[in-house]
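Sending over a structure as structure tokens; questions will come in a sec.
Note that the chains are named A, B, C and D in the order they appear, and that numbering of residues resets to 1 at the start of each chain.
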């Protein structure tokens, strides 16, 4: 009877999934020795600071060394480095969740800090701009076109769109991005080829915003194009399937306008599976953002992820970014699951 | 002769591709003389009786290739109306229906009350009401069909089969139509619930003067409510008459066999079956469509379509055996 | 519905026929590649820069000449193994090698190079002189080379350049440039006093100077026509001189052009085809095998087996794939088989969930209940009643999994996580992108691999779509009621 | 093998010994009623019934009455939680599935849906041969003979033509005869026919019933005929058991049940059956009111008391009536008949 129960069940199960992923992540890190290395680098970082502090008071190098050794032992036992990785598991888990992963090797936040959490969190909004905008655009266009097609099944446009859907599934987002750069940035010079702002960026807020819009256009078009095709297809197929149900015939028999039958009956019933289609598309969009940010040099988490592999890989950054991506995904999933439950009274029990 | 409430003449409905044209409704004529009467259309599955009810509601599929004949309601010809006029003025407001397959006939994500009141709120025309009036009218029709008012806020999956069927009936009554078409309204229900619904229909018929077109495969069930019965076979009406005439004095061989195939409780004689199976509507036998299954078929039956023979007032049957001088 | 029905559906729809046609072409090409390319093509040839030294760098395909007004020089390789003339005079032999080529472009070649191999001498080191005879009958002596003499402790005969060729890039060699300058100063009187800029050497060799006072530097008009390269080797008559190769570096190359390292993209792209098919089909087959087995086990055996498999599938099906894929490949390494295994690890759940639901459906079906009533064994029920019902779906899913795997590998490669020992289309694209190729418009480097990925993926999608009518009962045309 | 069996059947068909004996049988389903809560649902509750050799026993009831569950239980397709099941004198309540093979050869089922119960990719011959293959009967010519015999028995002729065709070329009635042929090809002693005619065209239902009666006559098969249709059942059954909410509420000969129903529920059922009589439309039919109770929250006392028109008051709301014999082996579970004697399986056979 209560709507809360299914909501709770779905949210809880996703939270469980989240923790299981996290747990597996930490186990992988521990078992392969990555967490050892990460912690050791934190210890070394701390020691360097301590050494410069101590060097002012202790002049004797031997004494300094022995004090340092003591400090090292203290620190290692503080970080539990003297214990096996599986003993440290809970600690590591908390460390990952709180993004307490020390400092980045060779990356800095725009404001100069080397703390991994700062670097990652600084990029988060940039990624969100791309993701949410393209997600919304896809949803709106997909719904409109998919619904339109469902009322014209078998038409020329319908066939064109079904091929478009297949191509859109077959095209790697990043490659499409490259093509768009070649075409619109290099050949026709309509849009900038990458980055978030021109250099130097405009100072006033309105031109600055416009500059951002210009830079965001190509990446967003890319993300929309690759996820739109399959989504239109899902909307269309779902709507056509629903349109064949008996209750639609009942609605028509009532002498209601076709438009009303479509919106109040067909689309209303098709909406839960359409939300499921969005959930499926979410994985693609999130993965796509990593690649798209790379292609368009967009200063988001995806670009950052690419950079951490490009040079000397930075374990701390990789863990942090994987974690934040997973978190984003799970949060988005929970929102969509809640929508699903609200839309479909049948799942309430 | 005064004008009938509904008079259907030579109705045809064919659909499908030209190569395998399905002749679902073939030269069908029916009439309901006045309100408070019930006409039964009885026939086996695949005889086109569901297509007939859809044809009366002008609920046409894209694949329809022929839709012709005359449907007059109180003397007014409906076939010449535009689709929009028909939808606004006739469908559901003057002729409504309870569709077949009650289990899926309700929208699963809308509350029953909202589905019942929908035509009052969203259908253009004189019956358009305020939300408040719609709720009041919804409660009224729910009471008419024996449901309590709190059912209005339930979703279909929270209702039993009988409740859904009553809900659909309430929905069909919302605009106070003159005629209501019931397409196999009880076939998915248990006997006791079926009997409840039949009693309800009788009450609606007598108390509110509702005219009913009752489409069913079950002659016994039809006898429960129908004043007139038309027997459908292969898209045609092969015999029509009052309930007494059809049930007590059937003329067409098909009607006769249909009646003896009904298992009954009272008679100790076991029912008999009709050999063979009904024909495919896209590949009908020549002449009389029943001749391949008819024991008394004459040579002419396979060659020519039989004439309609009057066997009494209002009692008509289409069969060569009834012709005065059967040819051949 | 049986397999016959699927196949007949494939051939009935246009997209199915197109898909089968492309697939046939792809499989034929793959067989050709596997038969003609060495197994270790990736590590021994593709990623070995010395293999690609005599190729033009970042050259577009030859056929661009057909569509642009300017015709750019084509790549010419002249191999000389037998001397054109041989003169023995006083204990020394002079071998004259020569070869002709036509320079027809307004643009000079991107480079000139010469290489010798397998020289064996007995006493004196052979001397080599290389000159170019121009269409204006002037001869430029480009280069003189004396093969390295005997080392201490070395015994005759002395073998040189047998392991690796001796190669000189003529257009950037200081001595060559000096020689060219000398040539112009002696052949064209007006040239004296003018500075000779080494940057214009290529234009100079294939052009005639224009002297105008308005210009502060000499310019050259292109000199097109027949050129002749002459190589004179003076050596002991007993000495062996191996084949020589002169390369006139084009600005366009082959059918697909070259990348920044001069690699022939056609070869790389060809080799990528069987690899892409291997990744796609391999991952899809494994996924289908694991997914179907787990799905049937989960649905038919039930109980705790079902619970374990379903929970596992739930978790894997609910994760953001790409970030974790990247993470895993980064941790465990980017060998091709590992990539395939990780792809399988991420893709089995959807199939297992689908198969399980089908098994549950068929398990309670009247058909299976009948088999149980008849006393059929569980094995017979699973193989004869349950598996045949799921088989078409498994097959359709398998076809659909192939493009997914190919695309996933390409994405990983594009992020630099591909298996470096095996060139894939994704890796070629990655190099094109990372070297900044797209910003200077190296379209032939980034378009074809992407197009190939899309075409391959499309082929399987077409096949999957044409089977959808069979496997998705909701899409089957229903008769009107 | 078949010859000896036939003889055995002939000898026992004259006497009325019991083939299937059901004693206090209970079948339970668990229904998930909440996040962690499961509630048992008794689909068959404390049922005792004897199915006599060579006769037809009909189980009649509305949907949800447990008649199908009971039928499946007698075939050991479901495991009882309590009670015993004897087949030909042997207790098979707890026999493992692998040891049931000899029983499976003697007990068969005919299904409701002739479209879903025949494998569409097998020829008719293969479908009917399948039971013979499973039980390793004869060589291929012997099997061919038996399949053709079965096809002849169900009047699908010529057998070789029918045998080589596929199910899609047959009508519903013909398919149902195929499934009957399949169930008799092993010459079983016992057949459960679950709504075997409800999906066949109304006009040819009696044809199938006549066929089954004829087969019973020839082969001495014992039928358990499950149906919601008393009108047809009375022409096939030797005994009718009326079920309501998992219990047998009345048991008697068709004549007793139809002409002299004792239980108010049976009376309601009989009254609800329409007869083709033009006078019907002038009077209301006496009917059982309301809907069956929610199986998860059953009423106390007699399960029918909330709908009963002849309710005696507190007795019916408190005490559960047990099946008792009134006269001439006519048994009823109702407080209206206090003089009946307790159900004794030996009395009512």
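Annotations for the structure displayed:
Assume a contact is a pair of C-beta atoms (placed from the backbone, for glycine too) under 8 Å apart; a residue touches a chain by one contact, two chains touch by 3 or more.
Since the structure is predicted, the reported quantities are computational estimates derived from the model, not experimental observations.
Ranked by separation of Cα centres from subunit B, the top chain is C.
Central chain by Cα centroid: A, whose mean Cα position is closest to the mean of all protein Cα atoms. By count of C-beta pairs in contact, A-B exceeds the other of the chain pairs C-D and A-B. Averaged Cα coordinates give subunit A a centre that lies 58 Å from the centre of subunit D.
If each chain is reduced to the centroid of its CA atoms, subunit B and subunit C end up 71 Å from each other.
Chain centres here are Cα means. That of subunit A falls 57 Å from that of subunit B. Those residues of subunit B whose C-beta lies close enough to touch subunit D in the complex are 38, 44-45, 160, 162-163, 190-196, 198-199, 202-203, 217-227, 242-244, 247-248, 257-259, 261-266, 270-275, 277-278.
Put simply, subunit A touches subunit B in their complex at residues 245-247, 249-257, 260, 264-265, 268-269, 272, 343-346. Touching subunit D in their complex are the following residues of subunit C: 1-2, 365-367, 369-377, 380, 385, 388.
Across the complex, subunit C is touched by residues 72, 75, 77, 98, 100-101, 104-105, 107-109, 111-113, 116-121, 130-131, 134-135, 179, 182, 186 of subunit D.
Residue ranges of subunit C in contact with subunit A, taken from their complex: 314-315, 318-324, 326-328, 330-332, 403, 407, 410-411, 414-417, 429, 433-434, 438-439, 441, 443, 446-447, 450, 453-454, 457-458, 461-462, 465, 474-475, 478.
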